[in-house]
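What follows is a pair of complexes built around chain A, which joins chain B in one and chain C in the other.
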Partner chain A sequence: MSRGHHAEKATGKGDPQCFKGEASAPKFKVGDRVRIRDLPDIFYTRCQVYTRGAEGVVTVVTHESPAPEDEAWDNVDKPEWFYIVRFKQKELWPEYPDVYENDTLQTEFSERWLESA
Partner chain B sequence: MAEKHKPAPMVDEVSDFEVLEVAVRELAIEKGLFSAEDHRRFAEFAHSIGPLPAGRLVAKSWLDPEFKKLALEDGFTASKEVGIDWLNPTGFGTPSDYCDLRVLENTPSVHHVVVCTLCSCYPRPILGHSPEWYRTPNYRRRLVRWPRQVLSEFGLQIPADVEVRVEDSNQKCRFMVMPMRPEGTEDWSEDQLAEIVTRDCMLGVALPHPDRKADDKRPVHKAANPVHGH
Partner chain C sequence: MPSDTRQKVMRHIDIVGQLQPALHQPQHAPLPTEVDNAHYRAYMRTSHDVGGEPDVTIQWHEKEEEQWELNTYVTCECLAWRGVWNAEERRRRQNVDLGQTQYLGLPYYGRWLLSAARIMVDKQHITLTELMNKIEEVKNRHE
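Take a look at the complex of A and B:
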(Lines of atoms letter the chains of each structure in order from A and count residues from 1; the text may use other names and numbers.)
(Lines give C-alpha, C1' and ligand atoms only; values in the text may rest on other atoms or scores of the structure.)
Protein backbone atom coordinates (compact mmCIF):
# COMPACT_ATOMS: atom_id res chain seq x y z
CA MET A 1 0.00 0.00 0.00
CA SER A 2 1.37 3.40 -0.95
CA ARG A 3 1.61 6.19 1.59
CA GLY A 4 -1.02 8.15 -0.30
CA HIS A 5 -3.47 5.25 -0.50
CA HIS A 6 -6.27 7.13 1.30
CA ALA A 7 -6.30 9.93 -1.24
CA GLU A 8 -5.77 7.55 -4.19
CA LYS A 9 -8.73 5.41 -3.15
CA ALA A 10 -11.03 8.41 -2.66
CA THR A 11 -10.04 10.26 -5.85
CA GLY A 12 -13.00 10.55 -8.18
CA LYS A 13 -15.32 8.85 -5.67
CA GLY A 14 -15.09 10.65 -2.36
CA ASP A 15 -14.82 9.35 1.18
CA PRO A 16 -16.91 7.47 2.47
CA GLN A 17 -18.25 6.60 -1.03
CA CYS A 18 -14.95 4.83 -1.82
CA PHE A 19 -15.77 2.09 0.72
CA LYS A 20 -19.11 1.25 -0.89
CA GLY A 21 -19.73 -2.49 -1.13
CA GLU A 22 -16.91 -3.46 1.25
CA ALA A 23 -18.97 -4.18 4.39
CA SER A 24 -21.16 -7.22 4.91
CA ALA A 25 -24.96 -6.82 4.98
CA PRO A 26 -26.18 -4.21 7.50
CA LYS A 27 -27.39 -5.75 10.79
CA PHE A 28 -29.96 -3.04 11.48
CA LYS A 29 -32.58 -1.25 9.43
CA VAL A 30 -34.51 1.99 9.72
CA GLY A 31 -36.98 1.77 12.63
CA ASP A 32 -34.98 -0.78 14.67
CA ARG A 33 -34.64 -0.06 18.39
CA VAL A 34 -31.00 -0.17 19.44
CA ARG A 35 -28.92 0.30 22.58
CA ILE A 36 -25.48 1.90 22.51
CA ARG A 37 -22.85 -0.48 23.86
CA ASP A 38 -20.25 0.62 26.40
CA LEU A 39 -17.12 -0.71 24.71
CA PRO A 40 -13.60 0.10 25.89
CA ASP A 41 -12.10 3.08 24.07
CA ILE A 42 -8.67 3.70 25.55
CA PHE A 43 -7.06 4.75 22.24
CA TYR A 44 -9.54 6.58 20.03
CA THR A 45 -13.27 6.73 19.52
CA ARG A 46 -15.98 8.97 18.09
CA CYS A 47 -18.73 7.41 20.22
CA GLN A 48 -19.84 10.02 22.72
CA VAL A 49 -19.88 9.00 26.38
CA TYR A 50 -23.32 10.59 26.84
CA THR A 51 -24.87 8.01 24.49
CA ARG A 52 -23.48 4.87 26.18
CA GLY A 53 -26.24 2.59 27.41
CA ALA A 54 -28.98 4.77 25.91
CA GLU A 55 -31.75 3.38 23.71
CA GLY A 56 -32.85 4.94 20.46
CA VAL A 57 -34.25 4.24 17.00
CA VAL A 58 -32.30 3.89 13.73
CA THR A 59 -33.43 6.69 11.38
CA VAL A 60 -30.87 6.43 8.55
CA VAL A 61 -28.51 3.69 7.38
CA THR A 62 -25.87 6.07 6.08
CA HIS A 63 -22.79 4.51 4.48
CA GLU A 64 -19.95 2.02 4.79
CA SER A 65 -16.59 3.08 6.21
CA PRO A 66 -13.88 1.76 8.47
CA ALA A 67 -14.80 2.58 12.06
CA PRO A 68 -12.82 5.56 13.38
CA GLU A 69 -11.35 3.33 16.10
CA ASP A 70 -9.67 1.37 13.27
CA GLU A 71 -9.11 4.10 10.70
CA ALA A 72 -7.17 6.17 13.24
CA TRP A 73 -4.52 3.40 13.12
CA ASP A 74 -4.71 2.95 9.34
CA ASN A 75 -6.67 -0.31 9.62
CA VAL A 76 -8.98 0.24 6.69
CA ASP A 77 -9.62 -3.34 5.58
CA LYS A 78 -12.82 -3.97 7.57
CA PRO A 79 -15.42 -1.30 6.74
CA GLU A 80 -18.75 -1.52 8.55
CA TRP A 81 -22.18 0.10 8.21
CA PHE A 82 -22.97 3.39 9.92
CA TYR A 83 -26.34 4.40 11.36
CA ILE A 84 -27.95 7.64 12.49
CA VAL A 85 -29.82 6.93 15.73
CA ARG A 86 -32.48 9.18 17.25
CA PHE A 87 -32.84 9.46 21.03
CA LYS A 88 -35.45 11.12 23.19
CA GLN A 89 -33.57 13.86 25.08
CA LYS A 90 -35.10 12.52 28.29
CA GLU A 91 -33.32 9.19 27.62
CA LEU A 92 -29.95 10.95 27.51
CA TRP A 93 -30.47 13.54 30.23
CA PRO A 94 -32.87 12.43 32.97
CA GLU A 95 -33.31 16.02 34.16
CA TYR A 96 -34.53 17.22 30.72
CA PRO A 97 -37.79 19.15 31.32
CA ASP A 98 -41.01 17.14 30.85
CA VAL A 99 -42.64 20.06 29.05
CA TYR A 100 -40.22 19.47 26.14
CA GLU A 101 -40.68 15.70 26.10
CA ASN A 102 -40.81 15.64 22.27
CA ASP A 103 -37.26 16.96 21.92
CA THR A 104 -34.74 14.57 20.38
CA LEU A 105 -31.07 14.22 19.49
CA GLN A 106 -29.58 12.33 16.58
CA THR A 107 -26.04 11.15 16.12
CA GLU A 108 -24.15 8.49 14.19
CA PHE A 109 -22.55 5.17 15.13
CA SER A 110 -20.63 2.42 13.44
CA GLU A 111 -22.27 -0.99 13.70
CA ARG A 112 -20.03 -2.33 16.48
CA TRP A 113 -21.49 0.20 18.93
CA LEU A 114 -25.10 -0.98 18.49
CA GLU A 115 -27.05 -3.89 19.92
CA SER A 116 -30.76 -4.70 19.55
CA ALA A 117 -32.90 -3.25 22.33
CA MET B 1 5.65 46.78 41.95
CA ALA B 2 7.65 46.68 38.75
CA GLU B 3 6.92 42.95 38.51
CA LYS B 4 3.21 43.66 38.86
CA HIS B 5 3.18 46.03 35.91
CA LYS B 6 5.04 43.79 33.51
CA PRO B 7 3.23 43.90 30.18
CA ALA B 8 1.11 40.84 29.44
CA PRO B 9 2.02 38.96 26.24
CA MET B 10 0.03 40.15 23.24
CA VAL B 11 -1.04 36.58 22.39
CA ASP B 12 -1.11 33.38 24.34
CA GLU B 13 1.54 30.79 23.74
CA VAL B 14 0.85 28.73 20.59
CA SER B 15 -0.95 25.47 21.24
CA ASP B 16 0.49 22.01 20.59
CA PHE B 17 -1.81 21.72 17.58
CA GLU B 18 -0.48 24.92 16.05
CA VAL B 19 3.08 23.68 16.51
CA LEU B 20 2.09 20.38 14.91
CA GLU B 21 0.46 22.17 11.95
CA VAL B 22 3.57 24.26 11.30
CA ALA B 23 5.82 21.21 11.59
CA VAL B 24 3.76 19.10 9.18
CA ARG B 25 3.34 21.98 6.72
CA GLU B 26 7.07 22.75 6.68
CA LEU B 27 7.92 19.09 6.24
CA ALA B 28 5.45 18.77 3.36
CA ILE B 29 6.98 21.81 1.66
CA GLU B 30 10.50 20.49 2.22
CA LYS B 31 9.53 17.10 0.75
CA GLY B 32 7.99 18.80 -2.26
CA LEU B 33 4.39 17.64 -1.69
CA PHE B 34 3.26 21.22 -2.26
CA SER B 35 4.93 24.60 -2.33
CA ALA B 36 4.56 27.47 0.09
CA GLU B 37 2.69 29.34 -2.63
CA ASP B 38 0.29 26.39 -3.11
CA HIS B 39 -0.39 26.50 0.60
CA ARG B 40 -1.02 30.23 0.55
CA ARG B 41 -3.38 29.90 -2.42
CA PHE B 42 -5.32 27.13 -0.70
CA ALA B 43 -5.55 29.11 2.54
CA GLU B 44 -6.75 32.13 0.57
CA PHE B 45 -9.35 30.02 -1.21
CA ALA B 46 -10.49 28.33 2.00
CA HIS B 47 -11.07 31.71 3.63
CA SER B 48 -13.04 33.02 0.69
CA ILE B 49 -15.65 30.25 0.42
CA GLY B 50 -18.89 31.03 2.19
CA PRO B 51 -22.51 30.00 2.69
CA LEU B 52 -23.92 31.42 -0.58
CA PRO B 53 -24.15 28.08 -2.46
CA ALA B 54 -26.01 26.50 0.47
CA GLY B 55 -28.44 29.43 0.57
CA ARG B 56 -29.00 28.94 -3.15
CA LEU B 57 -29.67 25.23 -2.57
CA VAL B 58 -32.37 26.09 -0.02
CA ALA B 59 -33.96 28.77 -2.24
CA LYS B 60 -34.08 26.37 -5.22
CA SER B 61 -35.67 23.72 -2.98
CA TRP B 62 -38.38 26.16 -1.87
CA LEU B 63 -39.31 26.81 -5.49
CA ASP B 64 -38.78 23.41 -7.10
CA PRO B 65 -40.27 20.31 -5.38
CA GLU B 66 -38.23 17.99 -7.61
CA PHE B 67 -34.98 19.68 -6.63
CA LYS B 68 -36.03 19.63 -2.97
CA LYS B 69 -36.54 15.87 -3.20
CA LEU B 70 -33.05 15.50 -4.68
CA ALA B 71 -31.51 17.75 -2.00
CA LEU B 72 -33.07 15.68 0.80
CA GLU B 73 -32.15 12.34 -0.77
CA ASP B 74 -28.75 13.11 -2.23
CA GLY B 75 -27.11 16.31 -1.01
CA PHE B 76 -23.90 15.46 -2.87
CA THR B 77 -25.62 15.53 -6.29
CA ALA B 78 -27.85 18.50 -5.42
CA SER B 79 -24.71 20.48 -4.47
CA LYS B 80 -23.45 20.20 -8.05
CA GLU B 81 -26.51 22.12 -9.25
CA VAL B 82 -25.47 25.10 -7.13
CA GLY B 83 -21.88 24.91 -8.34
CA ILE B 84 -20.28 22.82 -5.60
CA ASP B 85 -18.48 19.59 -6.47
CA TRP B 86 -17.57 17.99 -3.14
CA LEU B 87 -14.85 15.95 -4.84
CA ASN B 88 -13.05 19.00 -6.09
CA PRO B 89 -14.40 22.08 -4.32
CA THR B 90 -11.28 24.16 -4.80
CA GLY B 91 -10.92 23.64 -8.51
CA PHE B 92 -7.18 23.03 -8.21
CA GLY B 93 -6.98 19.44 -7.14
CA THR B 94 -6.89 19.72 -3.38
CA PRO B 95 -8.96 17.05 -1.68
CA SER B 96 -12.23 17.85 -0.01
CA ASP B 97 -13.67 17.05 3.35
CA TYR B 98 -15.82 13.93 3.75
CA CYS B 99 -18.45 13.90 1.03
CA ASP B 100 -21.73 12.68 2.56
CA LEU B 101 -23.93 15.80 2.80
CA ARG B 102 -27.27 15.35 4.57
CA VAL B 103 -29.87 18.11 4.36
CA LEU B 104 -32.21 18.28 7.39
CA GLU B 105 -35.67 19.61 6.54
CA ASN B 106 -37.44 21.77 9.12
CA THR B 107 -41.21 21.33 9.28
CA PRO B 108 -43.96 22.99 11.33
CA SER B 109 -43.37 20.27 13.97
CA VAL B 110 -39.56 19.77 13.87
CA HIS B 111 -36.71 22.27 14.20
CA HIS B 112 -33.16 21.01 13.55
CA VAL B 113 -29.95 22.44 14.97
CA VAL B 114 -26.42 21.22 14.19
CA VAL B 115 -23.42 20.78 16.48
CA CYS B 116 -20.26 18.69 16.56
CA THR B 117 -19.56 17.78 20.19
CA LEU B 118 -16.27 16.09 19.27
CA CYS B 119 -14.70 19.08 17.56
CA SER B 120 -15.89 20.99 14.50
CA CYS B 121 -17.36 18.78 11.69
CA TYR B 122 -18.96 21.24 9.27
CA PRO B 123 -20.04 21.13 5.59
CA ARG B 124 -17.22 23.45 4.53
CA PRO B 125 -17.38 23.11 0.73
CA ILE B 126 -20.95 24.46 0.72
CA LEU B 127 -21.08 26.60 3.91
CA GLY B 128 -17.50 27.90 4.14
CA HIS B 129 -15.58 27.99 7.40
CA SER B 130 -17.52 27.47 10.60
CA PRO B 131 -18.12 30.47 12.83
CA GLU B 132 -15.83 30.74 15.82
CA TRP B 133 -18.64 30.03 18.32
CA TYR B 134 -19.46 26.74 16.56
CA ARG B 135 -16.04 25.42 17.57
CA THR B 136 -16.13 26.57 21.20
CA PRO B 137 -16.47 23.97 23.98
CA ASN B 138 -19.24 26.14 25.41
CA TYR B 139 -21.56 25.70 22.39
CA ARG B 140 -20.56 22.08 21.84
CA ARG B 141 -21.14 20.82 25.34
CA ARG B 142 -24.25 22.87 26.09
CA LEU B 143 -26.23 22.53 22.86
CA VAL B 144 -26.77 18.77 23.20
CA ARG B 145 -28.00 19.06 26.76
CA TRP B 146 -29.75 22.45 26.97
CA PRO B 147 -30.62 23.17 23.32
CA ARG B 148 -33.53 25.50 24.02
CA GLN B 149 -31.56 27.62 26.44
CA VAL B 150 -28.67 27.93 23.96
CA LEU B 151 -31.05 28.80 21.11
CA SER B 152 -32.67 31.48 23.25
CA GLU B 153 -29.22 33.02 23.75
CA PHE B 154 -29.15 33.36 19.95
CA GLY B 155 -32.55 35.08 20.22
CA LEU B 156 -34.50 32.09 18.94
CA GLN B 157 -37.47 30.81 20.95
CA ILE B 158 -38.91 27.53 19.69
CA PRO B 159 -42.51 26.84 20.85
CA ALA B 160 -42.88 23.91 23.27
CA ASP B 161 -45.04 21.93 20.83
CA VAL B 162 -42.26 21.95 18.19
CA GLU B 163 -39.70 19.15 18.55
CA VAL B 164 -36.15 20.51 18.80
CA ARG B 165 -33.92 17.92 17.14
CA VAL B 166 -30.20 18.30 17.78
CA GLU B 167 -27.94 16.70 15.17
CA ASP B 168 -24.56 15.84 16.70
CA SER B 169 -22.30 15.52 13.67
CA ASN B 170 -19.63 13.05 14.78
CA GLN B 171 -18.73 10.83 11.80
CA LYS B 172 -18.38 11.28 8.03
CA CYS B 173 -21.83 12.76 7.36
CA ARG B 174 -22.02 16.54 7.09
CA PHE B 175 -25.24 18.35 7.92
CA MET B 176 -27.05 21.56 6.98
CA VAL B 177 -30.57 22.65 7.88
CA MET B 178 -33.21 23.48 5.27
CA PRO B 179 -35.34 26.08 7.07
CA MET B 180 -39.01 26.65 6.25
CA ARG B 181 -39.82 29.36 3.75
CA PRO B 182 -41.05 32.35 5.76
CA GLU B 183 -44.36 34.08 5.18
CA GLY B 184 -44.19 37.30 3.23
CA THR B 185 -42.00 35.81 0.48
CA GLU B 186 -44.77 34.72 -1.88
CA ASP B 187 -43.90 35.50 -5.54
CA TRP B 188 -40.23 36.03 -4.66
CA SER B 189 -37.58 34.99 -7.17
CA GLU B 190 -34.84 32.47 -6.42
CA ASP B 191 -32.32 35.32 -6.15
CA GLN B 192 -34.45 37.15 -3.60
CA LEU B 193 -35.05 33.99 -1.56
CA ALA B 194 -31.37 33.02 -1.56
CA GLU B 195 -30.50 36.38 0.03
CA ILE B 196 -32.47 35.71 3.22
CA VAL B 197 -31.13 32.18 3.82
CA THR B 198 -28.17 33.16 5.97
CA ARG B 199 -25.52 30.88 7.43
CA ASP B 200 -27.09 30.78 10.89
CA CYS B 201 -30.45 29.70 9.39
CA MET B 202 -28.67 26.68 7.89
CA LEU B 203 -27.10 25.74 11.23
CA GLY B 204 -30.48 26.02 12.95
CA VAL B 205 -29.69 28.86 15.37
CA ALA B 206 -31.85 31.35 13.44
CA LEU B 207 -34.88 31.46 11.14
CA PRO B 208 -35.01 33.27 7.80
CA HIS B 209 -36.97 36.50 7.78
CA PRO B 210 -38.13 38.48 4.72
CA ASP B 211 -36.57 41.67 6.11
CA ARG B 212 -33.13 40.26 6.92
CA LYS B 213 -30.50 39.60 4.29
CA ALA B 214 -26.92 38.43 4.65
CA ASP B 215 -25.71 41.61 2.95
CA ASP B 216 -27.95 44.12 4.70
CA LYS B 217 -26.42 47.57 5.17
CA ARG B 218 -24.88 47.95 8.61
CA PRO B 219 -26.01 50.89 10.74
CA VAL B 220 -23.86 53.99 10.27
CA HIS B 221 -22.75 55.76 13.43
CA LYS B 222 -21.49 59.26 12.78
CA ALA B 223 -18.32 60.29 14.54
CA ALA B 224 -18.97 62.27 17.71
CA ASN B 225 -15.99 64.57 17.02
CA PRO B 226 -15.54 64.55 13.25
CA VAL B 227 -12.26 65.70 11.77
CA HIS B 228 -12.72 69.20 10.35
CA GLY B 229 -13.83 69.10 6.75
CA HIS B 230 -14.99 65.46 6.80
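Take a look at the complex of A and C:
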Protein backbone atom coordinates (compact mmCIF):
# COMPACT_ATOMS: atom_id res chain seq x y z
CA MET A 1 0.00 0.00 0.00
CA SER A 2 1.21 3.51 -0.77
CA ARG A 3 2.04 5.89 2.04
CA GLY A 4 -1.04 8.04 1.41
CA HIS A 5 -3.40 5.07 1.23
CA HIS A 6 -5.87 6.24 3.87
CA ALA A 7 -6.31 9.69 2.35
CA GLU A 8 -6.47 8.20 -1.15
CA LYS A 9 -9.16 5.72 -0.13
CA ALA A 10 -11.29 8.46 1.46
CA THR A 11 -10.87 11.06 -1.31
CA GLY A 12 -14.20 11.94 -2.89
CA LYS A 13 -16.09 9.62 -0.50
CA GLY A 14 -15.23 10.60 3.04
CA ASP A 15 -14.41 8.51 6.06
CA PRO A 16 -16.14 6.24 7.17
CA GLN A 17 -18.12 6.14 3.91
CA CYS A 18 -15.04 4.74 2.16
CA PHE A 19 -15.42 1.48 4.13
CA LYS A 20 -19.01 0.90 2.98
CA GLY A 21 -19.64 -2.70 1.94
CA GLU A 22 -16.47 -4.08 3.55
CA ALA A 23 -17.93 -5.51 6.79
CA SER A 24 -19.85 -8.77 7.01
CA ALA A 25 -23.61 -8.64 7.73
CA PRO A 26 -24.48 -6.73 10.92
CA LYS A 27 -25.14 -9.04 13.91
CA PHE A 28 -27.65 -6.68 15.54
CA LYS A 29 -30.62 -4.64 14.35
CA VAL A 30 -32.51 -1.62 15.64
CA GLY A 31 -34.44 -2.53 18.79
CA ASP A 32 -32.14 -5.38 19.87
CA ARG A 33 -31.22 -5.46 23.56
CA VAL A 34 -27.46 -5.63 23.96
CA ARG A 35 -24.93 -5.78 26.77
CA ILE A 36 -21.53 -4.09 26.55
CA ARG A 37 -18.69 -6.58 26.87
CA ASP A 38 -15.90 -5.98 29.35
CA LEU A 39 -12.91 -6.65 27.13
CA PRO A 40 -9.40 -5.92 28.43
CA ASP A 41 -8.34 -2.29 28.78
CA ILE A 42 -5.00 -2.27 27.08
CA PHE A 43 -3.29 0.50 25.07
CA TYR A 44 -6.33 1.97 23.30
CA THR A 45 -10.09 1.89 23.02
CA ARG A 46 -13.02 4.25 22.62
CA CYS A 47 -15.42 1.99 24.53
CA GLN A 48 -16.12 3.99 27.68
CA VAL A 49 -15.54 2.01 30.84
CA TYR A 50 -18.77 3.27 32.43
CA THR A 51 -20.81 1.33 29.83
CA ARG A 52 -19.18 -2.06 30.44
CA GLY A 53 -21.67 -4.68 31.52
CA ALA A 54 -24.60 -2.29 31.07
CA GLU A 55 -27.64 -3.19 28.97
CA GLY A 56 -29.18 -0.95 26.35
CA VAL A 57 -31.10 -0.94 23.09
CA VAL A 58 -29.70 -0.50 19.58
CA THR A 59 -31.18 2.70 18.14
CA VAL A 60 -29.15 3.04 14.92
CA VAL A 61 -26.97 0.70 12.86
CA THR A 62 -24.65 3.47 11.80
CA HIS A 63 -21.73 2.66 9.51
CA GLU A 64 -18.85 0.34 8.71
CA SER A 65 -15.32 1.18 9.78
CA PRO A 66 -12.24 -0.47 11.24
CA ALA A 67 -12.64 -0.55 15.03
CA PRO A 68 -10.62 2.14 16.83
CA GLU A 69 -8.44 -0.55 18.42
CA ASP A 70 -7.38 -1.58 14.91
CA GLU A 71 -7.43 1.73 13.08
CA ALA A 72 -5.23 3.39 15.70
CA TRP A 73 -2.37 1.23 14.42
CA ASP A 74 -3.42 1.58 10.78
CA ASN A 75 -4.93 -1.92 10.61
CA VAL A 76 -7.82 -1.10 8.31
CA ASP A 77 -8.51 -4.38 6.50
CA LYS A 78 -11.27 -5.68 8.84
CA PRO A 79 -14.07 -3.10 9.05
CA GLU A 80 -17.03 -3.92 11.31
CA TRP A 81 -20.44 -2.43 11.94
CA PHE A 82 -20.95 0.41 14.40
CA TYR A 83 -24.08 0.88 16.49
CA ILE A 84 -25.62 3.65 18.55
CA VAL A 85 -26.93 2.16 21.79
CA ARG A 86 -29.36 3.88 24.16
CA PHE A 87 -29.09 3.31 27.91
CA LYS A 88 -31.29 4.36 30.79
CA GLN A 89 -29.19 6.74 32.86
CA LYS A 90 -30.29 4.72 35.93
CA GLU A 91 -28.68 1.67 34.34
CA LEU A 92 -25.34 3.48 34.07
CA TRP A 93 -25.28 5.47 37.30
CA PRO A 94 -26.68 3.72 40.40
CA GLU A 95 -27.17 7.02 42.24
CA TYR A 96 -29.08 8.70 39.39
CA PRO A 97 -32.21 10.36 40.91
CA ASP A 98 -35.47 8.39 40.51
CA VAL A 99 -37.29 11.58 39.54
CA TYR A 100 -35.35 11.56 36.23
CA GLU A 101 -35.88 7.86 35.58
CA ASN A 102 -36.80 8.48 31.90
CA ASP A 103 -33.43 10.09 31.11
CA THR A 104 -31.35 8.21 28.59
CA LEU A 105 -27.83 8.37 27.17
CA GLN A 106 -26.73 7.30 23.68
CA THR A 107 -23.23 6.40 22.63
CA GLU A 108 -21.52 4.46 19.87
CA PHE A 109 -19.80 1.07 19.78
CA SER A 110 -18.13 -1.14 17.23
CA GLU A 111 -19.69 -4.58 16.97
CA ARG A 112 -17.04 -6.44 18.98
CA TRP A 113 -18.16 -4.65 22.15
CA LEU A 114 -21.78 -5.88 21.96
CA GLU A 115 -23.44 -9.15 22.96
CA SER A 116 -27.14 -10.06 23.02
CA ALA A 117 -28.80 -9.30 26.36
CA MET B 1 24.81 28.42 28.71
CA PRO B 2 22.48 31.08 30.12
CA SER B 3 23.25 31.91 33.75
CA ASP B 4 19.73 31.05 34.89
CA THR B 5 19.82 27.48 33.51
CA ARG B 6 20.48 25.91 36.93
CA GLN B 7 17.66 27.94 38.43
CA LYS B 8 15.29 26.72 35.70
CA VAL B 9 16.39 23.13 36.27
CA MET B 10 15.71 23.37 40.00
CA ARG B 11 12.30 24.93 39.39
CA HIS B 12 11.49 22.15 36.93
CA ILE B 13 12.40 19.48 39.49
CA ASP B 14 10.22 21.25 42.05
CA ILE B 15 7.18 21.39 39.73
CA VAL B 16 7.54 17.77 38.63
CA GLY B 17 7.53 16.77 42.27
CA GLN B 18 4.16 18.45 42.70
CA LEU B 19 2.42 16.62 39.84
CA GLN B 20 -0.40 14.48 41.15
CA PRO B 21 0.25 10.77 40.91
CA ALA B 22 -2.34 8.83 38.92
CA LEU B 23 -3.56 7.08 42.05
CA HIS B 24 -4.41 9.24 45.04
CA GLN B 25 -3.19 6.72 47.59
CA PRO B 26 0.30 6.06 48.89
CA GLN B 27 1.45 3.87 46.00
CA HIS B 28 4.85 5.21 45.03
CA ALA B 29 7.03 2.42 43.65
CA PRO B 30 4.92 -0.50 44.95
CA LEU B 31 6.24 -4.04 45.18
CA PRO B 32 4.96 -6.23 42.31
CA THR B 33 2.86 -8.19 44.80
CA GLU B 34 1.12 -4.99 45.95
CA VAL B 35 -0.40 -4.32 42.52
CA ASP B 36 -3.59 -6.39 42.55
CA ASN B 37 -5.94 -6.84 39.57
CA ALA B 38 -8.00 -3.77 40.42
CA HIS B 39 -4.94 -1.57 40.66
CA TYR B 40 -3.48 -3.04 37.51
CA ARG B 41 -6.70 -2.14 35.69
CA ALA B 42 -6.57 1.38 37.08
CA TYR B 43 -3.01 1.81 35.83
CA MET B 44 -3.90 0.39 32.40
CA ARG B 45 -6.94 2.61 31.93
CA THR B 46 -6.67 4.80 28.85
CA SER B 47 -6.24 8.35 30.08
CA HIS B 48 -9.05 9.83 27.95
CA ASP B 49 -11.69 7.51 29.45
CA VAL B 50 -12.72 9.82 32.29
CA GLY B 51 -16.51 9.42 32.10
CA GLY B 52 -18.05 9.03 35.54
CA GLU B 53 -14.91 9.72 37.51
CA PRO B 54 -15.23 12.03 40.47
CA ASP B 55 -13.51 15.34 39.77
CA VAL B 56 -13.53 18.97 40.78
CA THR B 57 -15.67 21.44 38.82
CA ILE B 58 -13.94 22.78 35.72
CA GLN B 59 -14.68 26.34 34.65
CA TRP B 60 -15.88 26.79 31.06
CA HIS B 61 -13.69 29.21 29.10
CA GLU B 62 -14.93 30.62 25.79
CA LYS B 63 -11.81 31.10 23.70
CA GLU B 64 -11.02 32.03 20.09
CA GLU B 65 -8.53 29.76 18.33
CA GLU B 66 -5.08 31.31 18.14
CA GLN B 67 -2.92 31.30 15.02
CA TRP B 68 -0.53 28.65 16.36
CA GLU B 69 -3.49 26.42 17.12
CA LEU B 70 -4.84 26.72 13.57
CA ASN B 71 -1.34 26.08 12.18
CA THR B 72 -1.07 23.00 14.37
CA TYR B 73 -4.41 21.70 13.11
CA VAL B 74 -3.37 22.17 9.47
CA THR B 75 0.00 20.50 10.10
CA CYS B 76 -1.75 17.46 11.57
CA GLU B 77 -4.15 17.29 8.61
CA CYS B 78 -1.21 17.46 6.19
CA LEU B 79 0.41 14.54 8.01
CA ALA B 80 -2.80 12.56 7.40
CA TRP B 81 -2.99 13.66 3.78
CA ARG B 82 0.58 12.43 3.22
CA GLY B 83 -0.19 9.07 4.86
CA VAL B 84 1.87 9.54 8.03
CA TRP B 85 -1.14 8.76 10.27
CA ASN B 86 -4.92 8.53 10.22
CA ALA B 87 -7.28 10.36 12.59
CA GLU B 88 -7.55 7.40 14.98
CA GLU B 89 -3.79 7.04 15.33
CA ARG B 90 -3.60 10.78 15.94
CA ARG B 91 -6.23 10.50 18.70
CA ARG B 92 -4.48 7.53 20.27
CA ARG B 93 -1.23 9.45 20.41
CA GLN B 94 -2.62 12.75 21.66
CA ASN B 95 -5.23 11.40 24.09
CA VAL B 96 -3.71 8.21 25.46
CA ASP B 97 -0.09 7.55 24.57
CA LEU B 98 1.20 10.69 26.23
CA GLY B 99 -0.08 9.50 29.62
CA GLN B 100 -2.45 10.80 32.21
CA THR B 101 -0.34 13.63 33.58
CA GLN B 102 0.21 15.26 30.18
CA TYR B 103 -3.34 14.48 29.04
CA LEU B 104 -4.85 16.33 31.98
CA GLY B 105 -2.18 18.99 32.25
CA LEU B 106 -1.42 20.29 28.76
CA PRO B 107 -3.65 22.49 26.54
CA TYR B 108 -5.70 20.78 23.84
CA TYR B 109 -3.67 21.97 20.84
CA GLY B 110 -0.45 21.55 22.78
CA ARG B 111 -1.23 17.84 22.76
CA TRP B 112 -1.91 17.94 19.00
CA LEU B 113 1.44 19.63 18.42
CA LEU B 114 3.37 17.22 20.62
CA SER B 115 1.81 14.20 18.93
CA ALA B 116 2.72 15.61 15.50
CA ALA B 117 6.35 16.03 16.57
CA ARG B 118 6.35 12.58 18.15
CA ILE B 119 5.08 10.71 15.11
CA MET B 120 7.66 12.40 12.89
CA VAL B 121 10.34 10.96 15.18
CA ASP B 122 8.66 7.57 15.72
CA LYS B 123 8.25 6.97 12.00
CA GLN B 124 11.75 8.25 11.24
CA HIS B 125 10.81 11.24 9.10
CA ILE B 126 13.14 13.27 11.32
CA THR B 127 15.55 12.28 14.07
CA LEU B 128 15.14 13.40 17.65
CA THR B 129 18.57 15.01 17.34
CA GLU B 130 17.33 17.13 14.42
CA LEU B 131 14.20 18.10 16.37
CA MET B 132 16.18 19.04 19.49
CA ASN B 133 18.63 21.12 17.46
CA LYS B 134 15.78 22.92 15.66
CA ILE B 135 13.94 23.71 18.91
CA GLU B 136 17.17 25.02 20.41
CA GLU B 137 17.87 27.13 17.30
CA VAL B 138 14.38 28.69 17.33
CA LYS B 139 14.51 29.24 21.09
CA ASN B 140 17.80 31.12 20.77
CA ARG B 141 16.32 33.27 18.02
CA HIS B 142 13.70 34.51 20.49
CA GLU B 143 15.95 35.08 23.50
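The rule we apply is simple: the second predicted complex is superposed on the first by the 117 of 117 C-alpha atoms of A that agree within 3 Å, B and C clash if a C-alpha of one lies under 4 Å from a C-alpha of the other, contacts with A are read in each partner's own complex, and residues count from 1 in each chain.
Here, a contact is a pair of C-beta atoms (placed from the backbone, for glycine too) under 8 Å apart; a residue touches a chain by one contact, two chains touch by 3 or more.
Remember, it's a predicted structure, so these values are computed and weren't measured experimentally.
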Query = Can A:Pro68 be said to touch chain B (first), chain C (second), both, or neither?
reply = both
Message = Just checking: does A:Ala7 make contact with chain B only, chain C only, both, or neither of them? Give me first, second, both or neither.
response = both
Message = Counting residues of chain A touched by each partner, does chain B or chain C come out ahead?
response = B
Ask   = Is A:Asp15 in contact with chain B, with chain C, with both, or with neither (first, second, both, neither)?
value = both
Request  = Please indicate which partner A:Lys90 is in contact with in the superposed arrangement: first for chain B, second for chain C, both, or neither.
outcome  = neither
Task = Could you say whether A:Asp41 touches chain B, chain C, both of them, or neither, answering first, second, both or neither?
result = second
Task = Pick one for A:Arg52: touches chain B only (first), chain C only (second), both, or neither.
result = neither
Task = Have a look at where A:Thr104 lands relative to chain B and chain C in the superposition and call it first, second, both or neither.
result = first
Query = Touching A:Lys27, do we find chain B (first), chain C (second), both, or neither?
reply = neither
First (chain B), second (chain C), both or neither touched by A:Arg112 = neither
Query = In the superposed arrangement, what residues of chain A touch both chain B and chain C?
reply = 7, 15, 48, 50, 68, 92-93
Note = Per the touch rule above, chain C residues touching chain A in the complex are 41, 44-46, 49, 51-52, 80-89, 91-92, 96
Message = Considering only the defined contacts, which chain A positions touch chain B in the complex?
response = 7, 10-17, 46-48, 50, 60, 62-63, 65, 68, 82, 84, 86, 89, 92-93, 96, 99-100, 102-110
Query = Which bits of chain A are touching chain C when the two form their complex?
reply = 2-7, 15, 40-45, 48-50, 66, 68, 71-74, 76, 92-93
Query = What part of chain B is in contact with chain A in the complex they form?
reply = 76, 86-87, 95-96, 98-100, 102, 117-118, 144-145, 147-148, 160-173
